[in-house]
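This structure is in structure tokens; I'll ask about it shortly.
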Amino acid sequence: MTSATVWVLAAASIFGIGLYALIVARHLLRQLVAVNVMGSAVFVLLVVAAGPIAGSLDGIPLALVLTGIVVAVSATGFALALIVRLAEATGSISLEHDGEPDDR
Amino acid sequence: MNLAVDLSIAAGLVVLAWRSLAGRDLFRGIVMYIVFGLLLAVTWARLGSPDLAMAEAAIGAGVTGALLMVAYWRLRRISPAEPADPSPRRSHLAAAVALLSTGVVAAIGLAAVGAIGPGGIAGRALVEALPATGLGNPITGVLVVFRNLDTVLEVAVLLAAYLAVRAVLGDRGETLAQPPPQVARLVGALVGVVAPLSVLVAVYLLRVGSYLPGGAFQAGAVLAACGVLLLLTGRLRATADAGPWVRGSLVVGTVVFGLFGVAMLAFGEPLLAIPGTWAVYLIETAMMVSIAVTLMLLFAGAAGLGGGRR
Amino acid sequence: MSLLLPALLLFLLANLFAGLWRVHRGPTAADRMLSALLIGSTSVAAVLVLAEWQQLPALRVASLLVVMLAAVISIAYAAIAQASAGSPGAPDAEAAER
Amino acid sequence: MTAVELLATGMLVVGAAFYLAGTIGLLRFPDALSRLHALTKADNVGLLLVCAGLGLLSGNLREAALLLLIWLLALLAATISAHLIARRALADGVEVEMRERVPR
């Protein structure tokens, strides 16, 4: 088992955990954290899967992930604005009512 | 020893991801997610990328954590009747879907690790082409020279996020939560040290970013985290309208980068050609300002920023 | 020397993971926050050890950022805790925990 | 092993021991305030010793100065964070738990 294998398996598990929570969680804040966790897993996978070149990491996935981190936090800010607005408008912190899924 | 270090950090990340998302207490989940961000910074350090460790330290552990905490508080205030921790919904498919996606991601990752070997083709081309640009940091090379159209658009995405938040929340200058007045002087002492130091570190990162780890995104992240500190302690105030300085700062990154790229056409160069390292510094400074101000406004959930109490 | 630094790193990581137990157990929100404080301090030390072990001096700047901005979270917590005092805030979630 | 390396090793080991003490305090002490008391002292001394040991190993005055700056900042940030958290713990009525001395 090499280091790269360890990181790939960890990233895959984190992605799976995030997806599971995204499906089962009701609270929108928790679903947002789940999306962020999945994003972090993808970042780790991108960097590890590219592998090192001549002792240092491949610069292209690093640049993608660097901008990805900043774009992810801005998307989180936008999502939180939507969640706060939804709570103000409906008083609900979930996309369901009384535990019944919406007919959408 | 190397493998043991990798195994323990990776296992810690998995456990933290699980604990951030499981359990009934949402506040605990948020704290776990903040710790997840800290361990992710350690992960980037372990994988050998100081650039990502810096960005993660400022954003993953700093800005995102504060953003989630303030949102948690706002939601409790808006709808106190709603449970902070609704029970998860029952789904027969969730576990199967999650397992399947884990398998797919693992297969993709393992195939990529096994197939390409040491580094991607583009990565090797980058290593060869980098010396010609006069830059020493490959990430800055990719962001400003080789894939700069992507970078312009990414800064534009930040601007779009700001506009979207304004569209959703309307023009409001909501007062954020403030620490209790009894500790104002103590917190002031911290801000008095951290704020100037953040500016110093940001300028340092911008300066060395062309040849050492650092650059506009890291420097902007540091300034944004510092701005979050100023907003949380009342040194800066969220206002309902954006003044000329805020408007200018929001667009300066996209505008400078874009105008510069178009201007190069007039000199018979390709679109977005970079004539020298001085241009890299100019563009990176403009991007840093835009990134920092946009993230601060996204945190405040407001249109503009104004001076607060001392 | 080649063995000391990774061993120290593993030891620090073990401390960090032990601190997670207190984040998990609580029982109060303050307990969780102070465990996060300890974990922050431990991860600073871990990044510093990584900087020396992997000979990447720029990681020291990264750990400077962790130190500098760790207080943002505590201040955010103090701010929201103050604002939610007296209202159903963090404490009731803890009561459910016991 | 030179004398400097020996000294640095000693500092790193003692620093690690302080971290261990802080963690044990965090896990074993009965209430929030005494946990805070244990870890704010122990982990700052631990970080000082780790910084000093690593500064000696790096053998570079500039890096050692940066490590000193990191420690001083950590001291400032930890002091203020601990105070803010302790204040909140008191407001939550943790002192009552303190008298009961409930082992957890």
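By written order: A, B, C and D. Residues from 1 in each chain.
Rule of thumb we're sticking to: a residue touches a chain if its C-beta (ideal position, glycine included) is under 8 Å from a C-beta of that chain, and two chains touch if they have at least 3 such contacts.
What you see is a predicted model; the values in this text were computed from it and never measured.
Trainee: Could you find the chain whose CA centre sits the greatest distance from that of subunit A?
Mentor: It is D.
Trainee: Weigh B-D against B-C on C-beta contact pairs and write down the one with more.
Mentor: B-C
Trainee: So how far apart, in whole Å, are subunit B and subunit C when each is placed at the average of its C-alpha atoms?
Mentor: Their C-alpha centroids are separated by 19 Å.
Trainee: In angstrom, rounded to a whole number, how far apart do the mean CA points of subunit B and subunit D lie?
Mentor: 28
Trainee: Compute the distance, rounded to whole Å, between the mean C-alpha positions of subunit A and subunit B.
Mentor: Between these chains, centre-to-centre, one finds 14 Å.
Trainee: Which subunit D residues sit where two or more other chains touch them?
Mentor: Residues 73, 77, 80, 84, 87 of subunit D each touch two or more of the other chains.
Trainee: Give the residues of subunit A touching no fewer than two other chains, as numbers and ranges.
Mentor: none
Trainee: Considering subunit B alone, which of its residues make contact with at least two other chains?
Mentor: 2, 26, 44, 48, 51, 63, 72, 84-85, 179-180, 183, 187, 190, 194, 197
Trainee: For each chain, which other chains does it touch, given as pairs?
Mentor: A-B, B-C, B-D, C-D
Trainee: Going by the contact rule set out above, which residues of subunit B touch subunit A in the complex?
Mentor: Those in contact with subunit A are residues 2-3, 6-7, 10-11, 13-14, 17-18, 20-22, 26, 29-30, 33, 36, 40, 43-44, 47-49, 51-52, 55-56, 59-60, 63-64, 67-68, 71-72, 74-75, 78-79, 81-82, 84-91, 93-95, 97-99, 101-103, 105-106, 108-110, 112-113, 116-120, 122-124, 126-127, 130, 138-139, 141-143, 147, 150-151, 154, 157-158, 161-162, 164-165, 168-169, 215, 217-218, 220-221, 291, 294-295, 298-299, 301.
Trainee: Show which residues of subunit A lie in contact with subunit B when the two form their complex.
Mentor: Touch residues, subunit A against subunit B: 1-21, 23-27, 29-30, 32-34, 36-37, 40-41, 43-45, 47-54, 56-63, 65-67, 69-71, 73-78, 80-85, 87-88, 91-94, 96, 99, 101.
Trainee: Write out the stretch or stretches of subunit C touching subunit B in their complex.
Mentor: Touching subunit B: residues 3, 6-7, 9-10, 13-14, 16-17, 20, 23-24, 26, 29, 32-33, 35-36, 39-40, 43, 46-47, 50-51, 54, 56, 58-59, 61-66, 68-73, 75-80, 82-84, 87-90, 92-94, 96-97 of subunit C.
Trainee: Would you pull the subunit D residues touching subunit C in the complex into a rising list?
Mentor: 1, 5, 9, 12-13, 15-16, 19-20, 22-23, 26-27, 32, 35-36, 39-40, 43-44, 46-47, 50-51, 54, 57-58, 63, 66-67, 69-70, 73-74, 77-78, 80-82, 84-89, 91-92, 94, 104
Trainee: Help me check something: in the complex, which residues belonging to subunit C touch subunit D?
Mentor: Those in contact with subunit D are residues 1, 4, 8, 11-12, 15, 18-19, 21-22, 25, 27-31, 33-35, 37-38, 41-42, 44-45, 48-49, 51-52, 57, 60-61, 63-64, 67-68, 70-71, 74-75, 77-78, 81-82, 85, 91.
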